[in-house]
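To keep things simple, chains are lettered A, B, C and D as they appear, and every chain counts its residues starting from 1.
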Amino acid sequence: MPHRKLRGGMVGGGPGAFIGPVHRMAAELDGEAAIVAGAFSRDPERSRQAGSQLFLDPSRVYGDYHEMAERESQMPAGQRLDFVVIATPNATHAAVAAAFLQHGFHLVCEKPLAVSLDEAKALERDVRNAGRLLMLSHAYTGYPMVKQARHVVAAGELGTVFKVIVEYHQGALPYRLHNPAAQQKAWKSDPAQVGRSLAMADIGIHAENLARYVTGLEIEELCAETASVMVGHGLEDDGSVLVRYRGGARGLFSISQVCTGEHNGLSLRVYGDRRSLTWRHETPDLLLIRDRDRFDTTVHKGGPSLCAEAIAAGRLPLGHPDGMTAGFANLYRQFYAAIRDREENPRSDRTFDFPTVHDGVLGMAFVETVLQSAQSSAKWTAMAR
Amino acid sequence: MPHRKLRGGMVGGGPGAFIGPVHRMAAELDGEAAIVAGAFSRDPERSRQAGSQLFLDPSRVYGDYHEMAERESQMPAGQRLDFVVIATPNATHAAVAAAFLQHGFHLVCEKPLAVSLDEAKALERDVRNAGRLLMLSHAYTGYPMVKQARHVVAAGELGTVFKVIVEYHQGALPYRLHNPAAQQKAWKSDPAQVGRSLAMADIGIHAENLARYVTGLEIEELCAETASVMVGHGLEDDGSVLVRYRGGARGLFSISQVCTGEHNGLSLRVYGDRRSLTWRHETPDLLLIRDRDRFDTTVHKGGPSLCAEAIAAGRLPLGHPDGMTAGFANLYRQFYAAIRDREENPRSDRTFDFPTVHDGVLGMAFVETVLQSAQSSAKWTAMAR
Amino acid sequence: MPHRKLRGGMVGGGPGAFIGPVHRMAAELDGEAAIVAGAFSRDPERSRQAGSQLFLDPSRVYGDYHEMAERESQMPAGQRLDFVVIATPNATHAAVAAAFLQHGFHLVCEKPLAVSLDEAKALERDVRNAGRLLMLSHAYTGYPMVKQARHVVAAGELGTVFKVIVEYHQGALPYRLHNPAAQQKAWKSDPAQVGRSLAMADIGIHAENLARYVTGLEIEELCAETASVMVGHGLEDDGSVLVRYRGGARGLFSISQVCTGEHNGLSLRVYGDRRSLTWRHETPDLLLIRDRDRFDTTVHKGGPSLCAEAIAAGRLPLGHPDGMTAGFANLYRQFYAAIRDREENPRSDRTFDFPTVHDGVLGMAFVETVLQSAQSSAKWTAMAR
Amino acid sequence: MPHRKLRGGMVGGGPGAFIGPVHRMAAELDGEAAIVAGAFSRDPERSRQAGSQLFLDPSRVYGDYHEMAERESQMPAGQRLDFVVIATPNATHAAVAAAFLQHGFHLVCEKPLAVSLDEAKALERDVRNAGRLLMLSHAYTGYPMVKQARHVVAAGELGTVFKVIVEYHQGALPYRLHNPAAQQKAWKSDPAQVGRSLAMADIGIHAENLARYVTGLEIEELCAETASVMVGHGLEDDGSVLVRYRGGARGLFSISQVCTGEHNGLSLRVYGDRRSLTWRHETPDLLLIRDRDRFDTTVHKGGPSLCAEAIAAGRLPLGHPDGMTAGFANLYRQFYAAIRDREENPRSDRTFDFPTVHDGVLGMAFVETVLQSAQSSAKWTAMAR
């Protein structure tokens, strides 16, 4: 392994942003990399402020990502960025990615990958052509007990999986609409910045990704109902999706950003003919396994007898919550391993355990298929490709 | 109020039955009535055994419900039954009901009311023509905190309700299919005895009834997917239903009897624009109220500041679980009040808080509409009438 | 088994009482017995009212328990009471018991058995001399999962037990002192009616009995601190007790009736060197078993693979809560079996699974030892005998 | 605020250590400081390895803390360490601290501060004389909802506090003694390295610190029972402590490292005459507030209407767990603010919200008083000074 601390840059994530700082904490948590450059805001002064708070060299703080891509691409080897984190509003992901890809930087991209399936597919082609890595931030898959859940399914412990239920219920919108002071994320309901979908593109794809990560099942067709309960602008903030998986299993997705009083209610239940599993994000360190014979077992992060991936994904011992940033950092850790692997062996085709640009394409396919089915009055609709 | 202990008879519920004994316990819990006669089994010896275990007068224990109806109708006033409890397999409910209605007995009927919507509607007409009472045993609506939930909605505390999620997930079938010794309820998967539907008719109607009881919302149309995962016989054991309520609210029903490892997982969530509520049968004495402003309150059975109906429906004080039989007994208590009211004033049209034959009609309409939508490839289907 | 419904009488439990009606519901739940006589209040009119609500024969409703004992003792065999339930304030238990014992009735006595150890021991002698049965109402031991807990310990599944933690935390007192309308149980803080102890005699003995029932451990000596936080009258409403069990295990009891906001927070934890168990009254149908190797199992009432006693003690299937009355009824069921056994064979020495007068003696010994240790500044004090 | 990234060094925390890496993650989480030097192990090769994994300048990685103190004290201003983290076994804390204090470094010290009260008091004098800061790592006080709990008490929302219950139950020891492969922390049961106390010094002081942090109450006297259930070596691994606080409130501490099956079960309950609060480390983002009037409220990390300290201590929004490292980082954040404050104004006496050397002295006083009381047969013993 090339023995040096990796260097990252960031686009977006300036003052007031939620996800930018989380990326920085996750990226740096294990001491394997440091964010050393950034265009944190289109407002140069705000970008400068953000850079200053991170004690960055002011000469590497930009007000424009084009300038950043240009200038950073000319850095000498010992200072050159290894990767760039894109934490801007959805509609700009593709353009920012393109700017850095053309200079050969690896990328971390905030989800959703793009604002349409076509855009996502184009970006996937660009990434492949550039021979670069792109990690998509489906952070929930970084939790140790999600990895354990995946292991349990893959090892056949559930028997044949026939049903998957995923819920992602948030209540921020009712809160914000009622508390004007809290409306910091206006761009999130602006179709020009998020695309044609609100809830599905924002959190539905997390549900889709989580279910796929754990079960490996592929959606064949789906039947959806969506609604715009509160947000307006022609954007859906609520939806239910019936799913038929390839192979015969069925799924049920309940996705909503108007679930008054909910926090960040993501949960996954997978039913097999021998056992079922339940994972809830509100108690992320637990995995409930329920046996056909009515014996419930709770497996804990940090405990013995977990799979190797779940053990490696934990930092603190049993009974000490690692939290979401650590889960996110697990994605980065795999991404760094991939970067180092590529650096050692540019032709390597080893795969690593982080969400890729292809996950982003599948996520956008899910979003578009849901919208299409809902618009055609809940017609069963084959998954878009 | 006519001051005497009421007298009940029972059809079905003999040795090995689950629900018959629960009816008896619930019917007698408050000391307001006693079961004094019965045709507990079509096997006269088994019926006699059951009667003997209840210390009944052997002359009032029958092996045939026709004989029971005939003989009991000739009892003098001071011994005459006030009501008859029907706890037989689904397919016989209508015939048993008819036999007793023609002699003017009030009825308690185990759910589902019938095996088809037509049969249910015919029974509703008979009940109305006979001028008798029929209580349907949707026991979950008897829980104090379900009554509190209903009050919270009716009082507008949730604001405008826009979404209802009901789950009813059981895991008995995977257990039984794997443990031959446990298969005591074979009739439950015999279409000749249960009708065309398994899960929807057995538990889906509980979900439908619970949601309607709490919210008062009426289903306008629905879109369903069902499956026969394990049970075969052309019966569905799993289904998901998207619902559009009159007035614009939406619903999501997840109904399954093949949820490996689940017990009796009934839950209800109602989302309004100000607050939401959650009630789970696994912790029936709690009602979770979540505020738009992210303040969670848990309200407890037996606590102060509940509505009058929730207080009246509790027997033990705060922190002492009443259990399901007590909830069931609350239905009986209302039923007895209705009987006494009718006895005092035969023309009374007072309503009481128990599920009626009309709830049974609506339940069967739900079942048939779900099957119809599922068979037409999840087409939105107007609620059958 | 003599095949007839048993007949019970009740002293106390009139209008407004909490525990009297629970005794009646529990005593009659399984249809094995009926309450047919009573002196429900010292106020004859209130007693009459209570009897009337139960539809009793007015000639068997009394305003005085002496009269009741006298008159009922003269009833012919076919009407004679089999047992009498004593549900009066603590200070009267011994006298009421004596009145009925002298006429040879079996007894059910509300806890605590007496107001002093000496009184309890005298009553034990009387019961033994009369050759009658006395069941003490430690209802918590009737729960199926408490029986399962006892089984788990006895079967050695925990390994060697070295520590027991029991909490019994109630919050009714802070509520009542602040809500004058709620003070219906004034006698509970009147030393003339409850004796020298409030919290220990009211709920501490439940904790002592539960721990002993499950573990079989005997207290050798204890060290206690008590306080009168709110109730005054020289009565303790809060206390902590360090315990040394015979054989070397240790215990910790936390008993309080001033735990603001608590409901009826009884819990038991037993630690062995292989496994531990946790039972909480707020979720009485669950038993948590935690393994040395960090594997948690939750065992459920009504599930397969429970011990015979836990299965027999359940009435409703998995996922359907039986509630506290049903647990209480399990005590009565065993008591009735004992009565029938004695009737068949007066010399029988079979034991049955219900708390006896000797449990009452041990409970009072616990109370007095706690008070003595607390008064001697938390000195280790040998269990009183 | 002097605008530069702070520089830290670390002693201990090499390969295989648990707490060293947590210190590093916490110290660096907010990007305000970096660990740039260390003596990670007494074995120079292991120290070098640890430094290499952190990509440190090899010239600043040492095999001996004396050498480190000497060499680092000679660094020029722009490279000089601002603080040193001591993450070595207990018995060495005082000596390591002394070595760095004499060169004027601020300190972070892993708990317990020392192995005796005398040693702790001597260290407190040294810190005061040196005019340096020492932060003690009682990380649990860094959790947002612990800060909210403190606020709730200070704001009088509980009314008068009269009772405090703290539990700290771990089950690692039964696991390790049974799984030889897991015994990595042998030094933890070696009196030469941990001092005279095991459980009290390791986790009892966390309980003491947490209770004091939240309530502000000072222990006046205590009465304790301890046991050596499994560990031997004359060290206690289990203990219960009755506490009398100055002002009349009472406390109960249950501390054990042999609670089979438990993970890291720290919990705090505080009872006032108006409300009570419960915080459990297993669900650190929740604070349960229970009202005298039986109304339960759950307050969540990241939610609105928290106190300023709880808001500032959260990094991720509502429903996204921050985890323990983030709580720990809150201590570091306050420590850095103190360092910067001192740098700006060396005479500043502003206080900051992190545990200090004085907390360490009080912790050791607690440990010694507990041992003394237990040895004198649970005699009430005044808190050592």
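FYI, contacts are C-beta pairs under 8 Å (C-beta built on N, C-alpha and C of every residue); 3 or more make two chains touch, one makes a residue touch a chain.
None of the values given here were measured: they were computed from a predicted structure.
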Original post:
When you check each chain against chain A and chain B, which touch both of them?
Top reply: C, D
**OP:** Could you pull out the chain whose C-alpha mean position is farthest off from that of chain C?
**Re:** A
**OP:** Looking only at C-beta pairs in contact, point me to the busier pair out of A-D and A-C.
**Re:** A-D
Subject >> Centre-of-Cα separation between chain D and chain A, whole angstrom >> reply: 34
Original post:
What is the distance, in whole Å, between the centres of chain A and chain C, each centre taken as the mean of its C-alpha atoms?
Top reply: 56
Original post:
Which positions in chain A touch two or more other chains at once?
Top reply: 175, 179, 262-263, 293-294, 296, 300, 303-304, 318
**OP:** Using the touch rule from the top, collect the residues of chain B that touch chain A in their complex.
**Re:** 158-159, 162-163, 165, 171, 174-175, 178-179, 223, 225, 227, 229-230, 238, 240, 242, 244, 250, 252, 254, 256, 258-263, 271-276, 289-294, 296, 377-380
**OP:** Can you check the complex and tell me which residues of chain B touch chain D?
**Re:** 293-300, 303-305, 318
Subject >> In the complex with chain B, residue positions of chain C that touch it >> reply: 3-5, 18, 21-22, 24-25, 28-31, 52-55, 170, 172, 175, 179, 182, 262-265, 281-284, 300, 302-304, 315-326
